[in-house]
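Listed below are the structures to be examined.
The two complexes that follow have subunit A in common; it is paired with subunit B in the first and with subunit C in the second.
Our next item is the complex of A and B:
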């Protein structure tokens, strides 16, 4: 298999066979673009020149082994890291106040204050994000049996992760960046969360999910990006993988990253 | 957005500091009861232990107020912007300047309140109706004497002194922020690097201020001070101090903002 990096992901001319219909409300510029993006830390290069374009309205799996650079890309997109060279653009802008308004980010760690109640955090989000839908958040909390008056301190790690995911998915954002969203969550809640992810977002929004738990999320993905040692290894749609390779994404992943 | 950030900053810091303030004032009142009732003189031997303990507790709480205020300044900046909570704070749709300003203003606010509460606790313990009325009488007498002799100048000087103290305070806080930010530029040993940056910034500030001091004493400007009749040398010194600290404050703020905006690298 050859690597086809540098190839635009889902160039509409290439595989958008459904229609050439353009909705004037629909913004057709890519939601995320990496141009020769390099990020090096003190002793290692985490990203070695990434070129990647992700369009609107897709659910994309950012898949790769541990330490392949998945989190690094997502953190660069949020402006939490500074690129060593190259650039990363969100809806045409470098990470900044304008991109932060439209990006909803779930980090791989807990960022909430322990002493706050869930309802306090909801108010916090409501205060800072215009696109935060508090009703939706309360509804999801109820579904997952989380009491909004509980303090985060009293919650298990998995419950805290659920709360964070609810907060992130309750924003009506253009780009959701979910870093390991289901790793610490039990399988039952995992199903609910995945359903929430696919039913909750508007069709012009893009969701990028970074994970190595592929079999669990495979069914919701439109496209996959395989990343390995800081380089893009493969970008394809799930349908293409099934047609061309006759394999599930999970099987392909296991073959490609075989140790 | 700044208002909202400040609101959450007050909430996050007040929950540590306000209980301490209440404890300090409570110990001051307990001590006052011991002193005021003359109990402290009557108690002998083991009987005086409660009084000694409450004095001791007051002293410890007083120290704790200032130590905790200092640590809250560092911890809120380091943990909330550069630690795990930074993942939330740095992805909010607010500018870096707004984030820093909210931290700086609330840190300044608590510093002032801590000082105020400390003075208040001393006043509570020392309270004595006669002595106080005499003190305030003397105090205002001194003011009106000063006013009679120097006119409005007295009030201008006092205002300048207050501004100078405030500017000194925000400069010191901004210096701590700048040190932590410079430490963040290193990929390893960030806390140690922050200490190093703090020492270096201190040395630079001291070197520049002593250079200016020497230049000033060598020039013939210092002869102006021989003329004690005029109050304007005092203004000159105060305004110069304010400007000097203000320039350093701006420099530290710019360093902090530049690093957090352009060189952020959360672990």
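Our next item is the complex of A and C:
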């Protein structure tokens, strides 16, 4: 092939069909939208007017110190809490039956019954969710050396967390909400799990990860949202932060939220 | 060759550099088809969008090109690869000369030292 021919080819790269991961055509159809979202508890205001739009096909880190409101946003998105005022929309709908079909949620605490075997839980999920892929779940269990016949009761905290994350990631959802997904998991399994996340998610799906373990997940994130005292402090892409600040998201976080 | 990243620069730029290095060192050969974005992203443990961005940028430089239906390929222009290779070598040598100059060696001494050490290393 001559250089000239090459030239022509890379001139046409703007509408390159290989680019499966650019989702600009979907950008006007956000998967999650918060409009002046406020949530007050009896004696505290957890969210003080959040405006946030998250598009499809992104992996987003929801980052903030303890008590900043991360879990509150995730619980509102799941309909586990209701807004005090303002609005939260999932693919244009208020959280409810319709949105639960397309949202796969990993809560910060386990809700599975201890007496169940992993295979029982998988059957349970299969019954419950149309979009649950049991094959995928078994494959991931095998990779992490977890026996499907083990009871949850006999498992360590970290192993239980792995099982839950596998269940959540085995659903073919539009939005994954992962609240502290890797906190109790050892570094080697962490790598495997992050790899699972980036290889398995559908390119139109969005993953929102709330975490403190920024340096571990920084490489897999597109965008970050810094939240502080119930307000959005910053929303930017990881590479923009590195370009503008000359430092990693982890370093920036430590500076911004220095105690 | 494994992928390594530092903290202070955009990941897509580091990916570009490392893909470039794989091309000029022959890990990816002239005219070869590149693995899919997803496979490359998984291999480097990065977000597929970031890998996509790195490859799109490399297309702009001409080092890789995409063919609508069949995927993305390394350029067949071996002169371009040679040129980039020379450029990188020059960059490394300049860096080396700058650093060793700081220790106080003259150019003449450096060349002698280089010859001695490279013989010892054999």
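As a working rule, the second predicted complex is superposed on the first by the 231 of 259 C-alpha atoms of A that agree within 3 Å, B and C clash if a C-alpha of one lies under 4 Å from a C-alpha of the other, contacts with A are read in each partner's own complex, and residues count from 1 in each chain.
Just so we're on the same page, contacts are C-beta pairs under 8 Å (C-beta built on N, C-alpha and C of every residue); 3 or more make two chains touch, one makes a residue touch a chain.
All of these numbers come straight from a predicted model, not from anything done at the bench.
Judged by the touch definition given at the top, the superposed model places A:222 against subunit C, while subunit B stays out of reach.
Of the two partner chains placed around the shared chain by superposition, neither subunit B nor subunit C is touched by A:162. Contacts of A:242 after superposition on the shared chain: subunit C is touched, whereas subunit B is not.
Considering which of subunit B and subunit C touches more of subunit A, the answer is C. Of the two partner chains, subunit C is the only one touched by A:191; subunit B is not.
Those residues of subunit C that touch subunit A in the complex are listed here as 5, 7-13, 31, 37-38, 41-42, 45-53, 56, 59-60, 62, 65-69, 71-72, 75-77, 80.
Looking at the complex, you find that subunit A touches subunit C at residues 1, 3, 6-7, 9-10, 13, 16-22, 57-59, 191, 194-195, 198-199, 203, 219-222, 238-239, 242-243, 246-248, 250-251. On subunit A, the positions that touch subunit B within their shared complex are 41-42, 75, 78-82, 97-98, 100-101, 103, 105, 107, 109-113, 115, 124, 127-129.
Looking at the complex, you find that subunit B touches subunit A at residues 1, 4, 8, 12, 15, 84-88, 90-95, 187-188, 262-266.
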